[in-house]
């Protein structure tokens, strides 16, 4: 225990120690990004996950949390340690697809369960699907597909599309085009980590497009949106939720107001579980929850629901329990597709200002009961 | 006074004993950590040859580390997918045999070192540092944005590659392989240092004019050292990829180049024992400091600063009481 | 008169408007010590640079053993037996005296890429150290040597090169009277091994050692001859003493 | 591509070049005068942006935020120089690289410790926001025009400072001969602190100016740092003129490369491949440019050449 002296994990573990109970029966290893540029995503994932664990009040679950520094080799090293030394039963928490690709295949091959709180690359949904791998968040393409579907609904016919030049970016544009029926005014790849979009904004202005779809996660999105607003281009923007998340909206400020973005969750989703979650999260951490927090929270609740039904020592039974997805998702209806990725509604949100805080509200539904494009590639689909 | 020989053998023996003890105590993760240290040390042995002996401050050694990694990743990926590689009319089958992969890794990174060295050695001093950094960035950006082999996502290899007669998935056996290569590379460098080549290279760093006046071209020595150095670091890259069963552009990043340099300096630049001491200390710190405080990079930074400012000659210098070779 | 081992033919070097070497002709014959003297700024170092290969002349040729070496770099000339010592010692300070001496032997044998220790070369280095009187210090690091010892080590390295000709750039600089005397004796014995082009400020040493002397003034050789002729040469007196010719 | 679009892209290249110059000037000055290679220069850029964001949030004044960024980064620079950097002047480049690499770790994690992991808010003030119409019908953001103006003004000011003032004479003397200025009775330690603080202040100013339209977050300094190094290496390390030339060259290559290469590839392949491959090649363009220039002129465009 001395190794994992991270702030959030005592919750369950320390409780167990105080109560003098026997050693925890279920060990969960959370690998997520807690330092460096993408730390805000990992922090929210962790806080959402731990909130659910605390609420459950169970003393037989121990969560070991480690910072992957967003470095694949570090993530692999931590996974090795958690499997070999901590002997965890379940792994979770990875934010980034490239880190997931480094950890998940060998983790599941060693018989561990992996519950994804965020990253869900196509490889792991299609040919690389695995009975021990569950994506609780979405399939990576989903929000982009929804953006394409929404573009049709909104009557856009000539969209300019843009993403960073790396696999997730290429998947984003492919995903958008999968359902989008109009023409493309332009298709541009930017550098990963690019900070200045003046050249692309000039191209957008010159392209004669009627709308812009973009996927620029993290700091890239902040830069682009500020510069786009300042350049005075007034074409409507549409993008996946990543650039409009609670964690970064405040840094973008008014430049984001009114922009439509696709998400499978929103703070104002009207269901019992979500209202309770938002209130509890605010009370516990004194800030609004983000998409990542919601996904972390749902993942923990899925795990808890399965633990209630089956013993983790019996992988077959435990897997079946997970597949049932018998928990109150903050997203409302939630089931698993045959390749163990969610089937869920994907909404369109609008950025608004509420009590001096920038946030989102739902304005429509882009896709209903969307599964994913890779179900048929997965060998588990019979 | 502790001699270099005793220190080097002692450091190697200690690393091996830690792994063995951990194996006996059924602590496989400690074995994995020791393996990581051995591989980093091997990469540092490579850089130390160029930097410590040749005076070539390369801030781009991650290029070779990454090339070694991708040699493994690409060959094993093709084998895993049962798809031969096509280069023009040529068809090359992938492989999951470690010796074959090592050979390719050494050849590819050595060749890259030759080409980069030919260009970079036209410059010296700060310019050399910067041009090697620039080559590193070129490889990094290329690897990130080239879609064929996973781009930024990298390549995952589901099963560790094989070595005849060994079960490489067993942590201690894989450690044994890495350790043997580390020992062999250290022995090779020790031999080179005693040979005319090492003598001339070492002198070329300190007094290039003298070496030239003695009938020896320092540039050719440096180029040769750079190639051997790159090849050794490339081999380490192939092992590192196998340790993680994964390769990604992060192996090309300039932070990694910086870290390899940190291993060398932390241990003692130019010292035979430096790479092992430095890499082992780094891995240990990373492990323990990371557990103490979320912001452990601050501690690591302060420690490094302390070593540079107050403990010239690194750990080897502290132990032997001499800051120089 | 025997064939010159080292010669400069009309060697010329300009830096902008300044002509630093002005059609310099110079011969070094077997068995001789040929001193090159001249006031500061006369262009001695530039000439040494051109002879050793560090500086490329704008015009003229440098011959070694009758072969044109003008286009060869420093190291290639050294391998052909052009052994130079430096005005400011150039030694691998972190290495031992033995290793420094070995350097010349390695270079001369073209063995710089050798991957195994060579006994024959080590023996050659040891012999040179012995001869120069540095054998007892063989295990000392060069940086720890005294000034005079470094001077001698420079010469030892030159010796291991299997020299055809020595070019010594102010070997007496910074030595006390005792050191100068000792080095004078040493050089005296070396001239039969290979002729020495001696660039030197210490006139006592020059007059004691030189068979011939060339005087360089403002990039031009104003006189060449025996000690006696040079002492009497009006041009030299003018250059050195400011007397009218 | 229309002429107006090309003109706009050239303006964009100019703007990023000018900001790069602010970074590069400090780096090259510090190298020229003190012979120090400072990897932590990007951290001072980050410090400037964070100070600006904090001050802007507290006071609501953009100009005050800029002044604070300049002063804050200069102060941080002076402190770092006194505590760490001055011990490195006599060391070789290797020690300098390593010690300043350590400083990056300390700065980055220290900033995250203080400010947290979330990006900070910093935006263009109302009086500089929105586009203006330039001759030829180009709509161009007013703020970016102001950046070009500010950058050129700083470049001119720096030129005057170094060329015309007593401090400048001392700095130039320091580049040429350290013992000389010591012999002239100039307090060399103070001069060094001053030069380092000046470079740090410029980096901090650049961080605040650029952070306003980008994202103020931990790690923002490192990509810029590498670009700034490429810049001064191309220009010739130690040369202010070289830094300006290098910055413009890098800014234009980076901006135009991303536009031209994908279009050029469109002639030989399909749009999606052209976009991806073109972007891949464009991201390598400045490094290829740097390697080519170094092979051609091993000490950069304006660097001192060995005799």
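The chains carry the letters A, B, C and D, assigned in the order they are written, with residues numbered from 1 in each.
The rule is short, and it goes like this: a contact is a pair of C-beta atoms (placed from the backbone, for glycine too) under 8 Å apart; a residue touches a chain by one contact, two chains touch by 3 or more.
Not measured: the values here are computed from a predicted model.
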Request  = Give me the fewest steps it takes to get from chain B to chain C if each step has to go to a chain it touches.
outcome  = 1
Request  = Determine which of the two chain pairs, A-B or A-D, is joined by the larger number of C-beta pairs in contact.
outcome  = A-D
Query = Where centres are the averaged C-alpha coordinates, which chain has the largest centre distance to chain D?
reply = C
Query = Chain with the smallest distance from its CA centroid to the overall CA centroid?
reply = B
Key: Distance from chain D to chain A - Cα centre to Cα centre, in angstrom   = 35
Ask   = Between chain A and chain C, what's the gap in Å when you average each chain's C-alpha atoms?
value = 75
Inquiry  = Centroid of chain B to centroid of chain D, CA atoms only: how many Å?
reply    = 32
Task = Would you mind listing the residues of chain D that make contact with two or more other chains?
result = 108-109, 112, 276, 279-280, 283
Request  = Could you list the positions in chain A whose residues touch two or more of the other chains?
outcome  = 34-35, 165, 170, 189, 191
Query = At which residue positions does chain B touch at least two other chains?
reply = 141, 144-145, 147, 295, 297
Task = Pick one for the touching-chains graph, please: line, ring, star, complete, other.
result = other
Ask   = Each pair of chains that touch: what are they?
value = A-B, A-D, B-C, B-D
Key: Sites on chain B touched by chain D in the complex   = 51, 57, 59, 119-120, 122-127, 129-131, 133-135, 137-138, 141-142, 144-147, 254, 258, 261-262, 265, 269, 295-298, 300-305, 308-309, 312
Inquiry  = Considering only the defined contacts, which chain B positions touch chain C in the complex?
reply    = 191-192, 194-197, 199-200, 202-203, 206-207, 209-217, 220-221, 224, 324-325
Remark   = Residue set of chain A touching chain B in the complex reads 2-7, 34-35, 66-67, 71-73, 76-77, 80-81, 84-85, 97-98, 101-102, 105-106, 109, 121, 123, 165-168, 170, 189, 191-192
Key: Touching residues (chain side chain A, partner chain D) in the complex   = 34-37, 39-40, 43, 165, 170, 173, 184, 187-191, 193, 195-196, 198-200, 202-203, 205-206, 218-220, 222-223, 226-227, 229-232, 247-248, 250-255
Ask   = In the complex of these two chains, what residues of chain D are touching chain A?
value = 1-2, 4-5, 8-9, 12, 15-16, 108-109, 112, 116-121, 123-124, 129-131, 139, 141, 143-144, 210, 212-220, 223, 255-256, 258-259, 262, 271-272, 275-276, 278-280, 282-283
